[in-house]
Each structure stands twice: as C-alpha cells, then as structure tokens.
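One structure is given below, represented as structure tokens, and several questions about it will come after.
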Amino acid sequence: MKRDKEDLLKRLRRIEGQVRGIYRMIEEDKYCVDILHQIAAARAALGKVGMSLLESHTRGCVTDAIKEERGDEAIDELVDILMKFVK
Amino acid sequence: MKRDKEDLLKRLRRIEGQVRGIYRMIEEDKYCVDILHQIAAARAALGKVGMSLLESHTRGCVTDAIKEERGDEAIDELVDILMKFVK
Amino acid sequence: MKRDKEDLLKRLRRIEGQVRGIYRMIEEDKYCVDILHQIAAARAALGKVGMSLLESHTRGCVTDAIKEERGDEAIDELVDILMKFVK
Amino acid sequence: MKRDKEDLLKRLRRIEGQVRGIYRMIEEDKYCVDILHQIAAARAALGKVGMSLLESHTRGCVTDAIKEERGDEAIDELVDILMKFVK
C-alpha cells in the first residue's frame, strides 16, 4: 500500500514535469505536432494513474463496502466516476 | 436483472441499426462530417452499453467473488478490461 | 478513392457483425468480461473507421476549401466533430 | 495568435496546479473518488488544450502546406497524432 502510494506520487511528479515541459514548448513556439505528442503522453499517463487509483480503490473501499453490505452505493459511485474517463 | 438484459438488447439493436445507417451513408457518398457525427454517436452508445455491463458485472460476479474471498483475481480482470476503454 | 470506400464498407460490415455477436452473447448470458472485450474491440474499430473517414475528408473537402479560401469554416467543423471523439 | 498562445499558457498553468493538487490529495490520503474526479478534470483539460493546439496547427501549418502543394505529408502527420487521442 505504502509502495503503491510512493509509486503514484512519483508518477505525478513526472506528469507535473511533462506539463511544465509542454508549457515551455508552447512558450518557445516549438513545432505543434511535437507538442501534441507530449500532450497525448501526459494525458495517457494521467489516465493510467487514474486506473491505478481506481484499482486500489476497488481493492480497498469498494471491497470493504461489499463485505459490509453497503456495496450498492460504492458501485454507483465507481461507475459514475468511470463514465468521466470513457467517451 | 431480466429488465436490464432486455434494455441492453434493445440498445444493441439500435446500435446495429446505426452501424447499418453509417454503411448506407458511406455507400451513398453522404457528407463526411454527417457520417462522422453518426460514428461518434454509435461509438458513444457502445461505450455506454459497455459501462452498463461493467456495472452489472461488478454488482454480480465481482461482488460474489469478493464475498467468497476471491476478489483479487476478479478485480485484476476488471481493471484489465477497463484499460481498453480509456486512452 | 473507390478502394478506400470499399475498404470502409467492408470494415463496417465487420463491425455490424461484431455488434450482432455482442447481442447474441448477451442473449445467451455469456461471461460479462468476454462481452466487454468484444464491445471494446467494436468501439475501437468504429473509432478507426472514424479516423479514416476524417483523413479522407481532410484530404478532400478540407483541402479544397482551403485552396478556395474558405478553409476557416471547414476547419471549425473539423475540430467540432473531433471533440466528439476525445474525452 | 498571440492571444491564443497566452490563453494556452494560462490553461497549462492551471493544469500544472491541478496535477500538483492531485499530488497533495494522494499524499494526504484523501478519498479516492474525489482524487479520481480531479484526475478526470485534469485529463479533460489536457485533451482540450490538445484540440486547441491541433486547431491552430491546422489553420496555420496544415493550411500553408496545402496551399504549397505539400498537403499530403502534413495530413498524414495530423491523422497520426490524432490517433493518440482516440481509443
């Protein structure tokens, strides 16, 4: 659990660096397509962090909720947030 | 449960009709942007059917697995399929 | 151009078959995760058809519009439809 | 053009702040679902910055390329990067 957290924090630091890199690329009028590749990469990295978090949420909170017979609400909430990642 | 199934089947019939409509639009050389709107709509409808199915899967199989202490595997499988919907 | 059209039509036929297959899987109560894999595949296939169409639209209509100095409107329309594919 | 650039830079600053906020939320063990909402928001914001950049790229570089009869390559590149945003 603690290792998962450290891993997530490390990935977020990297994403923050990517976003700052994109900022600089725009500031320095770099080639749009190169910037777009960086944006797609940062976006995909954020999506993966989201899925990792969702996984540990399901293993933790949702699992506990189901065992304590309050699974329905937890699953509603889970599906609700999932819809924000899928178009 | 049975009502959910009927609802899903109805939505899939509609999506099948949309896909056939897109086929015809291409065949008849309709305006690309109009076709693209139909494709985006069919794609979004498929995504929603996926999320509905995922919801009932979580309420059913995953919940059962968790209660029977075989939740880990079920959650691995869940996250794995989720990644196919998120980029 | 004609070959592109035939290729698109063939891919749509295949997607229609996939959607019908998903219908049957739900009807026969197949395992949710297997159905979800099929849905993800059909959805990705639709996205690719969309991108192919978008490509030929850009090479055709948008290119013509730009050459005839009515590019702005065509690009507005292009970006507008793109937003329906990205979340 | 200059105004567009300033607007993009402002939006990237905000996204950088969002990513830093997500970092802190994870560090302080905030509720997963709240963190996931922030991740979805940052991810959507990055997608929109991408689409804005893609729009100005199409109005600028791609339009110029088409007028100078080197449109094909520019459109290949455009579609290639687009595929990174659509699943």
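Annotations
Order of writing sets the chain letters: A, B, C and D. Residues in each chain are counted from 1.
In this text, a residue touches a chain if its C-beta (ideal position, glycine included) is under 8 Å from a C-beta of that chain, and two chains touch if they have at least 3 such contacts.
Quick caveat, the model's predicted, so the values are computed rather than measured.
Across A-B and B-C, the chain pair carrying more C-beta contacts is B-C. Looking for a copy of the C-D interface in B-C, A-B or A-D, one arrives at A-B, which has over half of the same contact pairs by residue number. For this pair, chain B with chain D, the centres built from the Cα atoms lie 26 Å apart. We define each chain's centre as the mean of its Cα atoms; on that basis chain B and chain C are separated by 15 Å.
If you average the CA atoms of chain A and of chain B, the two centres end up 22 Å from each other.
Chain contacts: chain D has residues 44, 47, 50, 54, 78, 84-87 touching two or more partner chains. Listing the residues of chain B that touch chain A in their complex gives 44, 47, 50-51, 54-55, 58-59, 63, 66-67, 71-72, 75, 78-79, 82-83, 85-87. Per the touch definition, chain B reaches chain C in the complex via residues 5, 8-9, 12-13, 15-16, 19-20, 22-23, 26-27, 29, 32-33, 35-37, 39-40, 42-44, 46-47, 49-50, 53-54, 56-57, 60-61, 77-78, 81, 84-85.
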